[in-house]
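The same subunit A turns up in both complexes below, where it pairs with subunit B and then with subunit C.
What follows is the complex of A and B.
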């Protein structure tokens, strides 16, 4: 089975930054698989998604041992073919629906830009079809509306439609529901899930909402300060997180019942550590050895963890 | 109620700002009419000599007096609007179009292409602009056309720099990235997703610059590097009046005052528009 996304040892450094935004990250999205990236702001989630499609602009230095989409080597692909690959294989939805649309042009005009090859009438017919597919009523008329006529949820649906029009195989959703209210969130997630199954899409989901992740993704990759700290099957990780950072994230999830959520232990004036485990300054389980060297990913049961104190249960007990 | 009134006032939908703006636009329309159809407003011909009536002071018959050829100065000023204001418009039109293209390419391409293109811009901006314009105008011929070309040559780099900055800021925006993921190519992105959003700033700059271009253009004509006799171009008229400044004050002062007022008007209009757009 071919992999949708395959990334090895990815490093990304933004121009002028003292430390890399991503430092030696591996990521695999299997064909028709679903992977979620979680982590707090600045952990590198979005950078990873953008780097995986080479959408970062020139100010970011990207290097990797491997960076491929559907086995096409993105590090060597000419710009024209790269654009074609992105257009035909990848659909993307971003966090802020308003910012994703050019306010000066109609929905149809913006979606038609990307469609190639057929007569204008056929391309438009295709748009009508995908708009209907994502649940937008009266697509014939709504296509000629401007973005400000649409609600946030509708704009996200239209963005999905634009991606679907090319018959993509990978959907990258960067916090697609963070800017929407709860009921619209649920509808959009259901739609994404349906599309994933029916169109046979692979999904790379970025979220800080573990509830969304638990529902949408089979696999989770937890990022902290540009490194993978834990990865594995979603059920496993949500049930028994091994890395203390993952535990912190889960404890910070709001709940209706049970214990109150615990705020993230951020904002004490300490950034990630320069040497050793970057999480050590915030870690309740940190010992002296944590500051010595960067912990490698170790396999514990079904998951991989980058923590010398894992498995955590023993560490807490001991 | 008062909150609504304040909001309307702030957006200049009512209140004194609105009056000022309307007035500015009405004056602009009038000016445009003069540029297009000076014959409708001028009481006399701009070129016909009437030597016996030379150098008469302002009177009801000749509001601005007459020049050394007995021509009505007011009529010449009105006819000269086309040469002066029209040429200033042309200068800025050429400079803005070329500069926008240059800056957009530089900002969009980035990397070494950007560096090379912007160093060229820096070279132009390093010269005092009027001196450079004089050198260019003098070397390609002493007429209005070469003055226009010379000023456009020194004026475009400012636009290139401004548009490059805008394009740099815009190209990282979410909607550009989103359009890219939807498959838009570079020319589509630039044409539809980036350049339209530079228009507000471009508009504001253009209106202010027309005033400055008018000063530069009349300056070149004054120095003999622009329009030539018998053109009623304003700078040339003031230049002709130098000889008579002691015994016919109106000949230099009144056309000069017209230049002053029109430039002030254009700069005020530009300021008003830029406040609108920011």
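What follows is the complex of A and C.
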């Protein structure tokens, strides 16, 4: 089976930064699979998605043993072919729908920019078709609207339409619904699900919201301070999280059932440690050894965990 | 319980030349002393307008806002000053609420200075006390806002808000811009100060789970109107309005193989001039919903809904599997 994304030992350091944004990260998105990257701001999840498509600019130093997209070696691909590959294979949606669009140009003008070949009329006909696919009514008219005529959810749909026009095989969605209302989020996630099935898309989802991740992704990769701390099947990790940081993320999320008006279980946020496990300063289970060495990923059951205390005894972890 | 703030049939219409927008209408709500009322709804539903009316920052175009028994509009300037000391606000963007050129200590001291509380020495002492209360290191007092994280900044804003020992705190999306872990810390801090100070709160969020965690009662707004109101547990268990039900069903939780939430019928159509504003999206719509406007009416003890089919639907929609797809 071909992989949509294959990354080995990825290291990214932004110019001027003292510590790498990503430090030896592996990532695999199977063809037609769905993988979510989870972590807090600064964990490196967006950097990983950008690096995986070589979209980071020159200010970031990138090294990797492998970096490939549908078996094309991105480390060696000439810039021109790299652009063509991204354009034809990858669709992207980002968090802030407004920031992704130029307010002074129509939706059609901006989406036509991205389409190559064919006469203008045919390209426009293709856009009308994909706009309809993403559930935008009256696409002929809506295409001539400006971004401010669209709601946030509609702009995200139009962004998806622009990506779909190329017949992509991978969708990278970076917090696609974080700026949207709950019911609009549900609509957009349903649409992404439908498109995945119909178009045979692979999904790389970036989110800080484990509810969204549980809804969308078969596998999850939890990042903390530029390293993978836990990875495995989403259901398994939500059912019995092994890394104390994953446990914190789940316990810190307010719920619709169960006790309320009680403190949510969360440590005080202190900066990541320079040596040893970077989560140790916040970790309720930290022992002296945690400050010594960076724990490697170990396989425990169906998941991989970078914690010397795993598997944790439920009674100890509380 | 005595009412701290009471909105009576509040309407707010914004005009710009010939255009006019009605941000909210016929909104009545009360926050009693020591009570936490959660206000939930989507963007554009009028939540923030309600917050600003409650704070006296907007004068409503209909109805009135009453604080401790007297309408805000009828108060003299001097009285308003006293009222403002007694009700404070925390907003969504922690950085934007602070002056970037001034130190954190200065910012926390500011309300004490404005309201002439204590001398310089006493105010300094109170700032340190407040830093302790919100869980910040005392050394933070000398720093600038740009040197603090989003979570620390929100603690500073909370310290400022409680500096004058107000009896009401109006919080407009105070945790929406924060990471999950930091959001949890700030929620915990709200719980702590609410309990220790017995403060009343109007807590606004688009996130039902956040509102549920903190509130005694929940008020749900849609298209500028209150569509449902009731005790938190009851509203979250079995909502009495189809929009509240849609909101609940669309909320996602970090659970394995959870039922995939069903989306409310795609797309927000324009909100109708006449009839129930939710009718175009409502799965239970009937012809009668398209004309007239049902006011918020009691459905059971302490609960109200603006849906004509509220009680009839409780049995049907109360089943959480109804309308949900497992995949």
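As a working rule, the second predicted complex is superposed on the first by the 303 of 318 C-alpha atoms of A that agree within 3 Å, B and C clash if a C-alpha of one lies under 4 Å from a C-alpha of the other, contacts with A are read in each partner's own complex, and residues count from 1 in each chain.
Keep this in mind: a residue touches a chain if its C-beta (ideal position, glycine included) is under 8 Å from a C-beta of that chain, and two chains touch if they have at least 3 such contacts.
Note that this is a predicted model, so its numbers are computed, not measured.
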> After lining up the shared chain so the two structures overlap, which partner does A:53 touch, if you call subunit B first and subunit C second: first, second, both or neither?
Replying inline: first
> Hey, is it subunit B or subunit C that touches more of subunit A?
Replying inline: C
>> Taking the superposition on A as described, I'd like to know which of subunit B and subunit C A:213 touches: first, second, both or neither.
In response: second
>> Once chain A of both complexes is superposed, is A:239 in touch with subunit B (first), subunit C (second), both, or neither?
In response: second
> Now for A:109: first (subunit B), second (subunit C), both, or neither, which partner does it touch?
Replying inline: first
>> Once chain A of both complexes is superposed, is A:119 in touch with subunit B (first), subunit C (second), both, or neither?
In response: neither
> So, does A:159 touch the first partner subunit B, the second partner subunit C, both, or neither?
Replying inline: first
> Residues on subunit A in contact with subunit B in one complex and with subunit C in the other?
Replying inline: none
>> Under the stated contact criterion, what part of subunit B meets subunit A in this complex?
In response: 110-111, 171-185, 188, 192-193, 196-197
> Mind pulling up the subunit A residues that touch subunit B in the complex?
Replying inline: 50, 53, 55, 57-58, 83, 86-88, 90-92, 94, 96, 99-105, 109-111, 113-116, 159, 162-163, 166
>> Under the definition above, what is the set of subunit C residues touching subunit A in their complex?
In response: 42-43, 135, 149, 151, 179-185, 187-188, 191-192, 206-210, 212-214, 232, 236, 246-258, 260-264, 266-268
> Can you list the subunit A residues touching subunit C in their complex?
Replying inline: 40-41, 135, 137, 151-153, 181-187, 189-190, 208-215, 234-236, 238-239, 248-257, 260-269
